[in-house]
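What follows is a structure written as structure tokens; I'll ask about it next.
Chain naming follows the written order as A, B, C, D, E and F, and within any one chain the residues start at number 1.
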Amino acid sequence: MNEHRIRKIVAEAIEEDIWTGDITTDSVISKNERSSGEIKAKEEGILAGLPVAEQVFKEIDSDIDFESLKKDGETLRPREKIAVVSGRTRSILKGERIALNFLQRLSGIATRTDKYVKKVEDHDVKVVDTRKTTPNLRMLEKYAVRVGGGRNHRMGLYDAVLIKDNHIRSAEGIEEAVKRVRKSHMVKIEVEVGTVEEAEEALCTGADIIMLDNMSIDEMEEVVETVDGEVVLEASGNVNLENIDKVAAAGVDVISVGALTHRIRSQDISLDLI
Amino acid sequence: MNEHRIRKIVAEAIEEDIWTGDITTDSVISKNERSSGEIKAKEEGILAGLPVAEQVFKEIDSDIDFESLKKDGETLRPREKIAVVSGRTRSILKGERIALNFLQRLSGIATRTDKYVKKVEDHDVKVVDTRKTTPNLRMLEKYAVRVGGGRNHRMGLYDAVLIKDNHIRSAEGIEEAVKRVRKSHMVKIEVEVGTVEEAEEALCTGADIIMLDNMSIDEMEEVVETVDGEVVLEASGNVNLENIDKVAAAGVDVISVGALTHRIRSQDISLDLI
Amino acid sequence: MNEHRIRKIVAEAIEEDIWTGDITTDSVISKNERSSGEIKAKEEGILAGLPVAEQVFKEIDSDIDFESLKKDGETLRPREKIAVVSGRTRSILKGERIALNFLQRLSGIATRTDKYVKKVEDHDVKVVDTRKTTPNLRMLEKYAVRVGGGRNHRMGLYDAVLIKDNHIRSAEGIEEAVKRVRKSHMVKIEVEVGTVEEAEEALCTGADIIMLDNMSIDEMEEVVETVDGEVVLEASGNVNLENIDKVAAAGVDVISVGALTHRIRSQDISLDLI
Amino acid sequence: MNEHRIRKIVAEAIEEDIWTGDITTDSVISKNERSSGEIKAKEEGILAGLPVAEQVFKEIDSDIDFESLKKDGETLRPREKIAVVSGRTRSILKGERIALNFLQRLSGIATRTDKYVKKVEDHDVKVVDTRKTTPNLRMLEKYAVRVGGGRNHRMGLYDAVLIKDNHIRSAEGIEEAVKRVRKSHMVKIEVEVGTVEEAEEALCTGADIIMLDNMSIDEMEEVVETVDGEVVLEASGNVNLENIDKVAAAGVDVISVGALTHRIRSQDISLDLI
Amino acid sequence: MNEHRIRKIVAEAIEEDIWTGDITTDSVISKNERSSGEIKAKEEGILAGLPVAEQVFKEIDSDIDFESLKKDGETLRPREKIAVVSGRTRSILKGERIALNFLQRLSGIATRTDKYVKKVEDHDVKVVDTRKTTPNLRMLEKYAVRVGGGRNHRMGLYDAVLIKDNHIRSAEGIEEAVKRVRKSHMVKIEVEVGTVEEAEEALCTGADIIMLDNMSIDEMEEVVETVDGEVVLEASGNVNLENIDKVAAAGVDVISVGALTHRIRSQDISLDLI
Amino acid sequence: MNEHRIRKIVAEAIEEDIWTGDITTDSVISKNERSSGEIKAKEEGILAGLPVAEQVFKEIDSDIDFESLKKDGETLRPREKIAVVSGRTRSILKGERIALNFLQRLSGIATRTDKYVKKVEDHDVKVVDTRKTTPNLRMLEKYAVRVGGGRNHRMGLYDAVLIKDNHIRSAEGIEEAVKRVRKSHMVKIEVEVGTVEEAEEALCTGADIIMLDNMSIDEMEEVVETVDGEVVLEASGNVNLENIDKVAAAGVDVISVGALTHRIRSQDISLDLI
């Protein structure tokens, strides 16, 4: 990740929550009171976002000491200590909710991703995310997917070509659409197809990746056989924890799962002064 | 809401997704091609965020025409049309995912809030959110809560006083903590308590609101009786769709539900070119 | 205050004054020359803004040493030393005017506020500011009011409800206006009234605060008697140092004084190299 | 002025005041209610900042109609109409205080400047401002000085050379200091002197302007005679409305007056819905 | 390109040049004077950046009329008209230099690129740029390369993998380095090699592109023969107008030319009021 | 220079290149690997921009150690070491290209300026730049001109008056144009003239500087004689390394050379890990 952007995102989140000041803490807690707080897991899961949580406290108060006891990607057990924050009580209380908001969401994504990945670990397949991420947090959410053992699909509209139905219709055919984007030797070209015939057509155009959109398991198996390893095959659409192993068994190389980020379940993590 | 901030958030989301350009669309779709797209509900729910979706398209291309067919707060039925976007095909395709990411998340929050509110509609109680919101989207998420029939707890650390256990401990008592914050006649003072005794103590200090944190139904009923309408009582902690009606029946005035925003389930909404 | 926002305001002020460079200092003073400067009071008053002045120098040059000899809120006597700045001469000279511009204005506000507060110290009344602050410096100016012993009215349009004549007219009555805003249990509702009758009407609606706008002393006394401590009463309009004690004597709880910030008199404070 | 920067300053001021929303107006006033408001003078003075006030409303709501009835620099009489704002009532109420905060302060500066300029109108002398301006509003305040008939000293540290005592001391003499800055043929060089002898020394170095800092009238007259029109002479220090004509009579070309901007008195201007 | 980013870059450039105001134009030219200006080529070349120039004028004054007579990518002849700008004289004069600075530089890049591309038009080879672009103008400069008939190498460190000597050394071999980056199915992997042996090694690892860094023509030919079309071959290093055809003749697929952007020669283009 | 602005420009350049992350380096190089890199000259020239290069690394990683072995303005010989960068390998590789892009361009400008300055060193004349600089890098480029021994013309439209032909035409004469701008005693007034007669006219108006635009050597000599040292004379237009000494010999005081910045040739400088 780019630490620069993390600092920017964190600074905005602090502005959002504190704005003109924490009127409770600044009144009740004396400026020089110091304490320590423990960040602790309250349920099982995969940790993600600890450096972001650290940055929240550092940005609020450069004198805060943040000791990480776990690393992103490690498994959390209930009541396990994740980190210890020490310094001015005011700064710890101001940063608490902001740090947890990041940490709980990112760990939630990593934990869910881990479940999907585990479900297909016997197959030679990658679980990837989509662009269905929270606006302005994509870099962090895609990082959490990687932490959870998933891989990233493209970061945005700028770093890879994905030719969808609307593009194909406008270009009047897959072939023409692919021809028009073949401008750069640096980016991969993926074509979204909905039928076995379209998949075959895409194969002929020299696409690097073919996305099988909402295909049945039977159709996918047919495409897998036809393609025979020549290009990367990505299954997409309505994949969930119940059916992902069947999709994997169809032989595709990659399975994209919108639910990795379009559903967020904050992991239960707390900060307690000690 | 402040339209200014919406424009800023939307502009950043566009930067995030498009960055140096949509390399697929700019190659495949000709500059002057025009079309229309329909935004449609694919499942039942409450609509929220349509003006934000509109702003996405307007910011990408000021010539886009965005016709709203529904309004925020209205119920969505599957296949119901929400809006029609018309203009340059390029602009519609560039904005599609960004607009949907906002619309699906905010509608998801409004829909969940609606469920909680409906569950307690026979009680004279308000369902409110918390500060467990997505970093940098709080204004929008709290708006979605209101759209779904909920009310907002404080916006941040700056607009209301909430004295929590750590503040009380540092001040060595509720009374002293409340005394320290009684600086402004403009903001309300809320005190978080965990026992009936503490609630009584808070009552004596002249707090405006008392938050009953993780109390049992019995304890809450006892506090309700003691307080007898003198201050606002807020139930907080582990409230879910299963138990919220029991909490309401205990007689509190307000119930805060973290799950309104710390879990996000994107509502299924699509945009299709027509 | 939010140190984050102070850093942002200070950084913009430095950009404003230095822009592409201090062409005098960078030419005349050698890069490695070091010196010390004393910040001194030149007249009596109340100090406010010293941490902002310190931030100016720190932002220009992180190696500057800033030793505070006084604290915000303390009384200044002529020729009294406030702080000593040591480090590169270039950095001290570049920051001098910017630091003084903040310090003089904020101390000016604190000093004026102190005079108003002193004038009514025998009454149980609070002197508060208004939203008539300098654009983009409100957080700092309201801080200076607090330093001078005053209290803050709302920070902006977002953190408290103030129903004014135009709102009442549009809602066709105080009762309806109050009813419409009673959405949140977290913010206080203040109603501005111009007559005794309106004050009584506002009292019935359950407003938290009633602002008596431009009322005569007699009218205020009548309202004070009627209200009898049930809600907070705020006197507003044309209050000055000459009449504030009479307003206080009328028995209101709060007196808002626009002049605290809509008139600025920079306190005389200097920085001299030693 | 640079309209770009005005837009930026205005946008920040709106953010400061409205932040997450005007909770009173958005609740009480219906979205489609429209009205008109008159901006009116309530005391005599010089108008300044009307385009800034207009920009406030335009930025809040691009559909607002703002009709200017007076122009910056014109004299205001009590009860005289300055402008009429028409459009959504919500937008007018949201912008009212922000627009007035700019308008009142800038008109206050223009009005004070006008008094100083009138006081010396029989002399061939210019009244100029200083860098003692409100942080982040310098461009606007220096504009108001021009509107009031004054002239601007340098805009910042970047656009002209002003060699002060500390520079001279560091360079060990006026001559050496001037020599070091003589790098650019594009900027003027001003030297601050405190005695007649120093003024003579500065004259020999070829400075473009000599600032006579806190000199007595007698000393200034002596320097005026010596210099005999060869360079521009600027009087500076403790100039006020009482003594400015005597300073002018001493024969200097320019008189700088810190009080033009280091004291702010908001002109009384109101906005009333009609 | 992302129009959003263009607006941001243009706004900063206006701030840079105009800052507090165009003191010449605002004094000399009356506010209401209107005129037209012709943007004209003064030498032969390829036009690039006209929409950026238009944006400069639109941003300074939304009422400016900008009529484009040529399109980016078209050939310019000396004295040929490119566009006509009409509106307030003040706005035209303020934008003139800023618009030309963009237009001349981008057209200069397109013109140089065109020369390189023409030089190898008989070969089936693409001329591409590098990351040796002007800081903060990369998106525009890479656009100009495309306008001139070139193609883009990666946009930055984020959108494609380029394994260079330092990466290989750190990974102790090409194979290990490629293995470590094989995380995403969405980005291409390029490996930089300096010898024929390394090229063969890279081929075996399954890289998508092999960059032949500073190889002799003989070596390149050897690699071309070995690779036999299996991967894309890119020649890099010390390519200039004199030797590019020989490099192309060696049979590589892509030639990257730093000089496209690390040398800038502003195309001679003028704006004259008519 | 203003270090603040350098930090801002550098931060944007890092965002431009790294954006969501350096996918190669973050995959291949382990987080804790450390190394050192040497920045070395590969051709002769004048060094400029080393503090900017240092800032690039510091901003990416505050733990980087940057040891400067040369200073801006010193002559570089091929293979001479300029600086040693030590720290995390990841940080060095991420910053390499960004740092070099600044360093090579600024050194290129200083080197070219040095050539022009050397060419006229026997004349009492200054070589100055123009506003034909790269958008958003003007402060840095004008700094490089100074480093190379040149001087700066005005920084922008805001810090000096330059009356050009369009201004004169609009004011119907040089005299009227000069009269209109004579508002400030702080900025110099330059008038652009194209003929000897216009130069004489400008002389009479009291302009500080007269720019001789595209005049022949004979004409310039005639103006020099007429003016006889009363004002500064600046030669402008089509000056190059071949003819600059003849222009200087004509006796002007200043020669402005657009080519100092409207042509950029990156100096060959490399960074190698050691």
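Here is the rule we use: contacts are C-beta pairs under 8 Å (C-beta built on N, C-alpha and C of every residue); 3 or more make two chains touch, one makes a residue touch a chain.
Nothing here was measured: the structure is a model prediction, and the numbers come from that model.
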item	value
Relative to subunit C, chain with the most remote C-alpha centre	E
Pair of chains joined by more contacts [C-beta pairs], B-C or C-D	C-D
Size of the rotation, in steps of 5 degrees, that lays the CA trace of subunit D over subunit E	120
Rounded Å distance, subunit A centre to subunit F centre (Cα mean)	45
Centroid distance [mean C-alpha coordinates] between subunit E and subunit C, Å	52
Chain centre separation (subunit A, subunit B; CA means) in Å	22
Inter-chain centre distance, subunit A versus subunit E - centres from mean C-alpha coordinates, in Å	32
Shared interface positions of subunit C, touching two or more other chains	2, 18-22, 138-139, 155, 158-160, 183-184, 187
Chain contact graph, described as a line, ring, star, complete graph or other shape	other
Touching chain combinations (by label order)	A-B, A-C, A-E, A-F, B-C, B-D, B-E, C-D, C-F, D-E, D-F, E-F
Interfacial residue positions of subunit A with respect to subunit E in the complex	2, 126, 128, 146, 151-155, 158-160, 183-188, 190, 209, 232, 234, 253-254
Subunit A-facing residues of subunit B, complex	9, 12-13, 16-25, 27-30, 33, 89, 93-94, 97-98, 100-102, 104-105, 131-139, 156-164, 166-167, 169-171, 177, 180-181, 183-184, 187, 258, 262-266, 273
Partner subunit A, residues of subunit C touching it in the complex	1-5, 138-139, 142, 155
In the complex with subunit C, residue positions of subunit A that touch it	11, 14-15, 18-22, 26, 59-60
